[in-house]
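Multiple structures are listed underneath, in structure tokens.
Presented sequentially are two complexes of subunit A, the first with subunit B as partner and the second with subunit C.
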Partner chain A sequence: MIKLLKAMGLINMNSKDFKLITGLLILAFIMIILIYIFKDNGAKAANVYYKNQLVLTIDMTLKTTKEYTVSGTNGDVVILYDNGKIKVEEENSPRHLCSKQGWISQSYESIICLPNNIVINITGIYAIDTIVK
Partner chain B sequence: MGIKKITELSMLLALSVVLNMVENAVPIFNGLMPGVKLGMANTVILFVIYAYGFKEGIYVSILRVVIVGILFSGLFSPMFLFSISGAIISMMFMFVFKKIAKLSIIGVSIMGSIGHSIGQILMAIVILKTISIIYYLPWLILFAIPTGIVIGTLSKQLLKQFGYIKT
Partner chain C sequence: MKKLINQNTIYIFISLVILLLVFWLTNNNAKTYETSFSYMDTYINIKIKHSDATVANEALKEAERIYKEYHELTDRYNAYEGINNVYYINNTTQELYMIKLDAHLYDILAYGKSWYYKSNGIKNINLGNVIDVWKKYQLTKTGVPTNEELTKAGSIDIENIVLLEDNYILNNHPNIDLGSIAKGYTTQIVGDYFKSKGITSYIINAGGNVLVGKKSADTSYNIGIQDPDDSSKVFKVIIGNNIAVVTSGGYERYYEYEGVRYSHIINPMTLFPANLYKSVTVICDNSALGDSLSLILFVLPIEEGKVFIKDYPNVEAIWYTNDDQIVKSDGFNKYEQ
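Here is the complex of A and B:
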């Protein structure tokens, strides 16, 4: 395949490029593996921040479905919690990136709604921010 | 800088702004992952770097971010800060990997794309005060390889058509 593309003149890589690509692939896979090793499986709570201020903490150990509404810069942001996973259901932004992102459930995942200044982080420790407060 | 060069660079700058607009209007990878895009404007930046030089590349790259910022997201909005930090780190990466590592245009394109990702992630960590965005980095590196190859090949063909490189 690569030989064919090369023959057509569509792909022109030297050996350094191949080394670079191989190196990057290895690096990316090592990072992904490290993330999966060091994630703590127990997603306990989701912290919702508006302009870096904690506005809502959702208990993620509950086996229920619940809708939460927080106000963002462009109006209300509707967050849906369903049995250990969380997503942004509705928000007002130019490209709707954060509602298109879909469900998150792992403790290293986050949803960031930049136009609305809303950040949702999942933590392994329940309500650590309220304890600190 | 002569008038001819200024005119050429301004036209290339306008082209990079238009490519940016086209890309925002046609989000190919939208929904796959936040922030992943082809980076068509980088074709112009690569073209300028190879046809004129790094100094000119930096002018076009920074001015493109400023113009797009003024036209769409607003100057000094979070989007603008992300773009400017991405553009600066990207130029630094491309400089290092072109001049020192002496990669071909495809390798330089891939590193430019990764530079954009790293710059935006660093700015996001600063602005949003959360480290968890760094988990996107390996995925962005994986995406940078195919998109970098496409953009690099495209730039190479363009440079060939305009007679700036021979092979």
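Here is the complex of A and C:
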């Protein structure tokens, strides 16, 4: 590509310049990514589903610690919310995979507890902008 | 030809492109400006998204001024110098005295009074004295007033509010309380003001009254409705733009005595608090309308409420009953995901 451009007389540079330009482009790319990451996406919320039915929505902007209990297929599933992160604390399943998973806090993360038919999603779609009281 | 496009021009060109990209990405997102203050016994929070800081800050200042103005006009516990407010009207003793009102107060009184007829007496802005009796009990949580105490508190006849022409009110000893209308009415005025200034992206949160504009070209606001039993929980998320979401009842806006929940909304027919629901939330396109409708729905049985809102276009409601059932109006799902 570069050779072709050189041959056409469009650019005139050595590999040093090429590295510099590539470096600058990568830097710009990183900046774009950072801007997107730190963009204000509004408040977050966690949605808890039982058999695909929304059973609980937890406001994830609160700086509190709180336990929630929802009914799963094998009994109660205890969910712990703590200052922007969430985990399954107790549940009845053969291998306890979802309670071993630990904390989640990002909008793309989820906890899936198949034996209990419980899914916890933190979605951007349900990010809460404001709360009516 | 070789000299025309040399190394330096390429460097400069690429640097400019990068700079432009970064500028575009940071400036393309209008910034959020925010303010909070307390009026009408409510913590009010406003967020607006706008590209011009001066416009945004001026709008926030004006919004606070509007709330302050309406707070003073509708205040029935305090007098303010030079303002003939609700306190002044309620406490004037002179017979057949005509009081000149600020046009803003006159308008809100006329609007509030009109709801008495529209609601067949369920929404009554002349309940001040009865509300005071209940407030006393709510404060101490030591009991419930007797029927006698409530009927002797004062007249609740809406015709005590005699509105004349030219913003005059005739003193007929009313007991005006605009607590059920002032917040929603003022919130709508602030929303209309934002629109007139070209501010389309905004959230006004006045506790039970939320009014939002349009989030962006391709996104909607998500408004959580607080669980009436747990302030850290949201039991429903409303998705929409240019809507008012108004809740009546709700978390801790009641007191309990001997296992019975007494809300802060008085049913004028019984003089007792309406107690059919833990909360009722109305979604519509006007905050003042939402305030009135949510109160009426809080008093009416669900089926009657569903019929009542059919007369108003684009109104939906969600009831949270005392036995924790959630009931939605027929077209409610258009505000869900």
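The working rule: the second predicted complex is superposed on the first by the 81 of 133 C-alpha atoms of A that agree within 3 Å, B and C clash if a C-alpha of one lies under 4 Å from a C-alpha of the other, contacts with A are read in each partner's own complex, and residues count from 1 in each chain.
Methods note: a contact is a pair of C-beta atoms (placed from the backbone, for glycine too) under 8 Å apart; a residue touches a chain by one contact, two chains touch by 3 or more.
Since the structure is predicted, the reported quantities are computational estimates derived from the model, not experimental observations.
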item: Partner chain(s) touched by A:101 [first = subunit B, second = subunit C, both, neither]; value: first
item: Partner chain in contact with A:17 - subunit B first, subunit C second, else both or neither; value: both
item: Partner chain in contact with A:31 - subunit B first, subunit C second, else both or neither; value: both
item: Subunit B versus subunit C as contact partner of A:64, first or second or both or neither; value: second
item: First (subunit B), second (subunit C), both or neither touched by A:84; value: neither
item: Subunit B versus subunit C as contact partner of A:110, first or second or both or neither; value: first
item: Subunit B versus subunit C as contact partner of A:56, first or second or both or neither; value: second
item: First (subunit B), second (subunit C), both or neither touched by A:121; value: first
item: Touching both subunit B and subunit C, residues of subunit A; value: 10-13, 17, 20-21, 24-25, 27-28, 31-32, 35
item: Subunit A-facing residues of subunit C, complex; value: 1-2, 5-7, 10-11, 14-15, 18, 21-22, 25-26, 29, 32, 45, 47, 203, 205, 207-210, 212, 215, 221-226, 231-237, 245-247, 250-251, 281, 337
item: Contacting residues of subunit A [partner subunit C, same complex]; value: 9-13, 17, 20-21, 24-25, 27-28, 31-32, 35, 39-40, 42, 45, 56-59, 62, 64, 66, 68, 81, 125-133
item: Contacting residues of subunit B [partner subunit A, same complex]; value: 24, 27, 30-31, 33-35, 78-79, 97, 101-104, 106-107, 110-111, 114, 124, 128-130, 132-133, 135, 137-139, 141-142, 144-145, 149, 153, 156, 167
item: Residue ranges of subunit A in contact with subunit B within the complex; value: 10-14, 16-17, 20-21, 24-25, 27-29, 31-32, 35, 49, 52, 95, 97-98, 100-101, 108-110, 112, 114, 119, 121
